[in-house]
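Here it is: the structure, laid out below.
Should a chain be cited, it is by its letter among A, B, C and D, assigned in written order, with residues numbered from 1 in that chain.
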Amino acid sequence: MVVKIEHKWGMVVDLDKCTGCQGCVVACQAENNLPINTKDLFMQKRAFEWIRIERYWEGDFPNVKARYLPVMCQHCGNAPCEPVCPVYATYHNDQGLNVQVYNRCVGTRYCINNCTYQVRFFNFWEPTWPERLQNQLNPDVTVRTRGITEKCTFCVQRIRRAEITVERRERTKLNDKTMAARNFMPACVQACPTNALMFGDQNNKEDKIHGYFEELHGHDGHSDSRGYRILEEIGTDPSVIYLKKVDQFKMEHSESHG
Amino acid sequence: MQEGRILPPEQINKDLLNSIMSTPKWYWPAVGICSFIVLIAATVVAYMINKGLGITGLNRPVMWGFFITNFVFWIGISHAGVMLSAILRLAKAEWRRPASRAAEVLTIFSLMTAMTMPIIHTGRPWRSLYWFFPYDFARGIFPNIRSPLVWDPSAILTYLTSSVLFVFIALIPDFAILRDNTTGLKKIIYTKLAMGWQGNARQWKLQIVAGILLSALILPVFVSVHSIVSWDFGMAVSVKAWHSTVFAPYFVVGAVHSGVSAVIFVLILLRQAYGWHDYIRREHVEALCRLLIVVSTGWFYYFVMEIIFGIYGREADEVAIRTLQFTIYPWNYIMIIFIVTTYFLPIFLWSRKVWRRNLLIVSIACISVNIGMWLERYILFIPGQINKQVFTFTWANYTPSLFEGIIVLGTFALVTLLLLLFSKVMPLIPLYDIKEGDILKTEVQIGRRTVPATFRED
Amino acid sequence: MGAVACDVFEDELKVQSPVALPEDLVKGKENWYATLCRTGPSSEGVVVRVIEGRAKKIQGNPNYPTNLGAQGVWSDLGLQQLYHPDRLSNPLRLNGEKASGRFDSITWGRALDEVSKALESRDGAVAMISPPMRGHSAVIADEFIKAFGGKRIEFESLDLKTYRSAIKNIFGQDIQPHYDIGNAEYVLSFGADFLSTWVSPTQWQVGYGEFRDSEHSHRGIMTHVDSRFSVTASNADRWIPITPGQEGKLALSIAYVIIEEQLYPSGVDVNSLTSGQGLSSLAAYSPENIGNQLGAPEHVLGAHSVPELIRTVAREFASHRPAIAIGGGTAGASTNGLFNLEAIYLLNHLVGSVGKEGGVILNPESPVKNLKATSNAHTLSDLEELIRDIKSSKIKMLIMNNVNPVYGSPDWIGLEAVLNSDDIYLVSIDSFMNETNQYADMILPDRNFIEDWGNDVPEPAAGYQTIGIQQPIVNPLSDMDPRSSSDVLLSLAQDLGKDGNMPWKSLEDALKGMSDELFELNRGSVSGSTKQEFWSNLLRQGGWWDKSAVGQDRSNISGLISKVIDKDKEPRLSGDGDFYLVPFLHNSLLDGRNGDMPWAQGTPDPITSVAWQTWIEINDKVANERGIREGDVIEVKSGASSITGIAFVSPAQPPSVISVPLGQGRTKGSAYATDRLDGESANVLDIIENNKIEGTEGLAWAATTVSITNTGESLRIAKFEGDYESREVGFTEGEELIKTTSPGDHDH
Amino acid sequence: MAELKTLNHHYKDMWVFPDAEDLAGLPAKATSLGKTRLLLWVTLILTVLGVVGFVMRASADGLSNYEPWGYYMAAFSFVFMVTAPAPLVSVAFRLIRSHWRRPLTRIAEIFALVGIVNFVLYIPLMLMIPEIANPNEIGHHSLDIRRTLWIQVPWGAPHFWETAAMFSLPLMSCLILLLSSTPDMSASIQYVTGAKKKLYIFLAGYWKGSKRQWLVMQAAIGALGGLYFLTLPFVQFLISTDLGMSLIAGWKDSIFPAIYTLMGFQTSLAAILIVLYVFRKWGGYERFIGASPFWSASKILLGLSLLWIYHMFAFFITFWYGRMEVEQNILNYLFVDSWFWIFILNALGSWLIPFGILVWNPVRRADWGAPLAGVFVLFGALMFNVRTFVGAFNAGREQIYDISITVVPPAVAPDIWDLFMLIGVIGLAGLVYLIGLKIFPVMNIWEIKEGAMYQKMGRLFRGNYLVLAKPE
């Protein structure tokens, strides 16, 4: 049956503003009960970061750049991870979100293999917190158990609260302003000091991000706007738009002087 | 000159049932060793289920490692059975006769072993029932039939069922002979199993028709099983190295390659172990090797296709994967070993008739094939995950842990153990098939030469 | 505060989709309370989410002037500090000889008795070491120490004394200025990692966001001069590597070009700046003269030589107005640091951007009379003096107020030794065990900022009068009994009847008083007809500020340039080896104060993505020559001593520089801070040589040279990055992850 | 034993013994092909039409642009597909010593002569292959080097290498033909006259039939066969990619060459069986050509038709499942949208109809079953070539350097010249084959004689059965 999508959430990442400060990463870990990233997890390459800042080198000393790329679940409209899950643990909800149902997941990790953006994480160990630290855990977010897959949810719990308070109680339309005012933006967006992350409703004219999606869907992929989606050619139709990094000075890659 | 004597039926019974009637002195030690290894592996599995998959070497880019490699390997081995008994039966190849039973049994046991792999490799094995069977009717949610992981169990279970049926049908006449040669409890059991076999014309006719029908019906299943297993990987658009159209036939042919080699090796072992020199003869081994030359060459063709089209696409990550496979340690060594052991060494060893008839050389070739085919799966699955997409920031290596190694070893011990136990209760060479073959044997005089010949209807 | 689960309406529990997401069901009622966050380099206004009496999340306070709703990587750490498993719950009394690590936990009553006894007996010989403090906690601390006749040292590992003095000499006032990056067209920064750890990064990151906004305004340009590839350098449009200590010369050379080519705006009185000598005074600093002394590489972004580069930068700097010159960090950390910083800030006068929008905004005094808008800047030398006093038993009692100088100062000052003696009575007010507390005779558990009252005059403020207020949001857990440090000091003073200048029952009381004072002012952001209403609104807003009360430019520019030039000396270096050692503050651990928090430890460094370990950044070519591979354990040796760390081979590190982050190498404290293999964690402060900055006596922490040796063993490096060099590999534009474009295309 | 009981009622249809005088008369019979003048004329006229078509097309569009030449390519590929593997069929079955091959080996080998035609037809196509390196500068999602099997562009790629490979094929196959027919020619020298006699003496005069000569001959055939077996798939691979796949941007399909090779064997077996049937029915060879070749070959045809759909499905599901734009476009173009009906015909011919016919045992056993299926197989193959190669040639020259086709082009119908070329190419092939039949002995006399030696009737229990000897 066809559901009329009222909200279709989306995000815009301005690569020109991202300083790689990791503020979003910590905010996400605090909000979503991510397991503590111990030293061993890093060494085993199993650290959890629902949003991660990738750093890419470009050029060599002295003409060198470190490019920062924040990657979170792109909530693909045509998500490769969805059809391959044998137990429907991951599916597309009626708000354009790609959601993970933890209690169904058996941990085949097929979705992780088939995720183009590598934003799905597997609980190899039972996540544990010291007893006192458990006071901090967010009651709105399930604490995942060992052996299941987890990933960025666009802080769906905040969206739910927003719907409850703003839409049901106050009967006002939900948009990025009403959400931002009440701390209902996803934790990373709320945290970002340079406003490199923007969140909102793709279907809502007055949302800041609406324009970018309009623009993107308007043209055939290459116009003079800065908006683009990573690995778009694969056809996953992500809900996250990146704005190109602006290079003030031309950097000649070929010649690298020491 | 005719190879092997034409023996009286009683002799055949006596010889081929000796694995059941008498126990060689190496038997129980062998069983002991195997079950010990299996026990250790089982303990490790228990530990893993208790502690979580953390004890494996899997990490973020590389989510499928040794277990899946091993799973595909055993599924591959399981393809010997139908290949030998069904296809060759339909093709009326005389030299299939001694091999068929062993092949089918190997099929069944390797299938069972293979199925354990994906289950223990899930994060929550105790829940994987969800995955095979519909549940949760309340909310009308069934397993997601779009997922190749749901196609898998259905195909494999179908294959298992039909193979069991196949073996059983072929076993009935032999059960009857066992029934007549045993006493006490055994006799009762075999009587039940023989289902009142008299050996009259009608029963023979039914048994044969059933056999032929099953062979014909099992063929599509046979092809589908490994094709579907290959589509577990082929469907994954995000792992470029897996997303290749050639995978299905490539895997099937590869499976036959490794499977038949394994069967040959098992046959040689049986021959040495039970002294069945008159039944498993060099001509059989040679014929199987000749078959393998064709099969492996076909496999090699698909392999080359797969590699060439890896680079054909000119996608950065895919090129990186091939670079990894061919130029970067340790993958370049694995690649060389794999290609040599899977194709060039065996082909060389099978190239001359004298060598094809030398059991030692043949066993070496067959073992090397299976080493190679295991590595093939490994080198096919892992690098694709290591260099996944163009996110070089997340590319990371995979080193399997000791536990994974033990479990993999355990699967080999398990199959051996099951075969040993089977050989104790049922004949590993179909008696009636051999007798039939002997009856059909004859000779033709051409000038001064006598050429071995068989009665045929075409 | 907080509510119970039965508060959820039924319709909110309805299952929407066939599969009910756990997230579909939200439990309990959430409340957000405004307060100040104290885990960062400077205080930030935050709101704390509370459900059922437990703090769950900290987020920027959208109204608070300095951070405007933004938050740094450290903001959430308060939560883990609050509920930390290793947090001290009761007063601890030393049992046995010092540093035995044997403490027994006692009641507050007995603890305070003992401390007051000690105070009585050691009256007049009491000193306190604390981090830089402002607001009433600082007032109380000061009054307390005054009452007991000692001195208080505000201690920082990498102190800002030099920066403050430079500010005073150039802008004529102590209070730190605010840099209006958001409205600037051009930012020229020297060594100051102001986007990551320097002074008030969150505030300036917000500005940076607007600075980079090419949708609505013109995109600003940023050039960063730094001796290492810092986070700020990585975000600059142009990074100019330079030898530590040469920043001042470069700045003056830029000044030379500006004056020579008369690029300065009409308003600028170059005559008085140069006291009439004009260009001649700067003749020595022409790019052509000093170009080759700076250690800057040729060919930076298309420039063909260093002089050309300097001229290009000077022209850009002067032509894109408003432009700001910021200096700090390594620029102020060599022996001639003061000269460097003064020379750098001088440039602001030269392009007339002092006190202008988009330039250097000077901050006003605080509206409350006894609150200072700045904190006293002490240096390592002051600490050394204190140690001398202790040795000469001029000081017999020491109060450590949430500070860890034993870890935070180089070993050679010998603090550890004096603390380890019985003739000093050491009281530590702190939340965690650490290197300093282990010598304490008494440890008093302090309250976390989420449980405690407080206030702050943010420094730097956003250019107008601001007072942030901090309120207890959750009660301590039932099994914990921490007390507010200020209240402890107050009660001690009251017991001994020395609270003459402290007419308050408690810190809360003091804050109420302040609130009344502000109410009287009858201006600013907080409304309220009665004092009570004003008070509650103040708490709800998380602070008081008055956009109209701005500071003004008191700087006297006559002859400034020559004054600065007089200070010019070649930087002195000591140590051994051919690499400059450039320590830097860790992105999330800062100088180690957050080391106990797993989130801080587990957050990858932006550049290297390393966590939990001490890494040593080495240029990739140098590493190749020396056969060093990533993960090798490297010994870094200065004259003083040596440390080991894990090599991180970076293509961006200058070949002549080794840089090591602070923050690791903790030996006492919670497991999160201390459980490391040897080799993978070290405190870089231990190998910093004893060089002082002329004019301020601050520690010249960028004046050490070191040699590196490969110990031969190698460890797995705990980094988030994978095992392959992360560079773009795409063939087609479609495979490009980070697409770039040139400016102008999108200016509106 | 019972196995035989159940099946022994039909053994007599399966093999007909050529008795002594049959065999004696065989050389004379095999070297004098009956009246074929009519056929010759027909094929000749078709050929002429083809030439006309070619000339018209060339004069209209020239050889530089490949786009208008789709149907020519299709025709070439069809003939190549059918004829090139034929010699291999005989070699392969000779290798596995199946007795039923004996009547059809020569018929298969004579197809080698058509290989020369293939080579000639290939020359103009070789000239048309577009540049591999992208001449214009790299755009938004276009590549520096076109997607081909040429990873870099080595010297002479692809033109020289492909031509060389194309040339090696007829060389080897004709040698095979020559070698295997030498004994027959020498045996039938006295039955032929005139130029043909001279030719036979020239070609087979040296043949003494000594043991050594036999061994050398069989060894040589084996070696050549092996070489051919290695070369053919490679050439098929080259043609299917360079002239097909690589012209449709984004079509990266590792199974396509395999399908092409597979259909090669399918179609040439079909063609051989058809010719064989003609000889049996109207050539008066029923004493030599039993039903058993048809029965055995029909099983293989059945298997091949199933393999075809299996490979096709393996391709389809991989492209369809991922829902990637690139692959969707390819599917739409070649299967779902533009070429839908041609694809249906292709599938009917290559799979469904042959399968439907041959799945029945009586039909398989009857001599007409396999040839009938063969006709459909050939038709299906023709459709396949039209769909694939006309499709490839018209997939948009401007986007071949892109990573995928962005617009799905329409199918193109043949114009009159295309049709001329289509029938002309086929006619030419037929003409050459007929000439081949006229020159060489049409039956493999020595193999049939050998075969006659290897079987006899034997008595088992109460019935007479065929006894087949397998020389080791």
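Just so it is clear, a contact is a pair of C-beta atoms (placed from the backbone, for glycine too) under 8 Å apart; a residue touches a chain by one contact, two chains touch by 3 or more.
Bear in mind that the values here come from a model prediction, so they are computed numbers and not experimental data.
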Task: A-B compared against B-C, more contacting pairs - done: A-B
TODO: Please indicate the chain closest to the centre of the assembly, with centres calculated from CA atoms only.
DONE: A
- [ ] Could you tell me the distance, in whole angstrom, between the mean C-alpha positions of subunit A and subunit B?
- [x] 44
- [ ] Compute the distance, rounded to whole Å, between the mean C-alpha positions of subunit B and subunit C.
- [x] 66
Task: Separation of subunit A from subunit D, taking each centre as the mean of its C-alpha atoms, in whole Å - done: 56
Task: Geometric centre distance via CA averages, subunit D-subunit C, whole Å - done: 80
- [ ] Please set out, as single numbers or ranges, the residues of subunit A touching at least two other chains.
- [x] 45, 47, 54-56, 69, 80, 83, 88, 104, 222, 231, 233-234
Task: Multi-chain contact residues (two or more partners), subunit C - done: 19, 721-723, 725-728, 731-735, 737
TODO: Could you list which residues of subunit D touch at least two other chains?
DONE: 140-141, 143, 321-324, 403
Open item on the list: What's the contact topology between the chains, one of line, ring, star, complete, other?
Closed with: complete
Task: Contact footprint of subunit A on subunit C as seen in their complex - done: 9, 11-12, 16-17, 19, 21-24, 26-28, 30, 32, 47, 49, 51-52, 54-60, 62, 67, 69-77, 79-80, 82-85, 87, 195-196, 201-202, 205-206, 208-209, 212-214, 219, 221, 229, 231, 234-235, 237-241, 297-302, 477, 587-588, 598-599, 601-604, 606-607, 609, 611-613, 619-621, 651-655, 676, 716-723, 725-728, 732-735, 737-743, 745-746
TODO: Can you check the complex and tell me which residues of subunit A touch subunit C?
DONE: 14-17, 19-23, 25-27, 29-31, 36-39, 41-43, 45, 47, 49, 52-69, 88, 91, 93-94, 99, 101-104, 130-142, 153, 156-157, 160-161, 164, 168, 180-181, 183, 187, 190-196, 222, 224-226, 228, 230-233, 242, 244-252, 255, 257-258
TODO: Under the touch definition given earlier, write down the residues of subunit C that touch subunit D in their complex.
DONE: 731-734
Task: subunit D residues within the subunit B interface of the complex - done: 1-8, 10-11, 14-15, 100, 143, 145, 147-149, 151, 233, 237, 241, 252-258, 292, 295-296, 299, 310-311, 314-315, 317-319, 321-324, 403, 453-456, 458, 460, 465-472
Task: Parts of subunit D lying in touch with subunit C, wherever the complex brings them together - done: 138, 140-144, 403
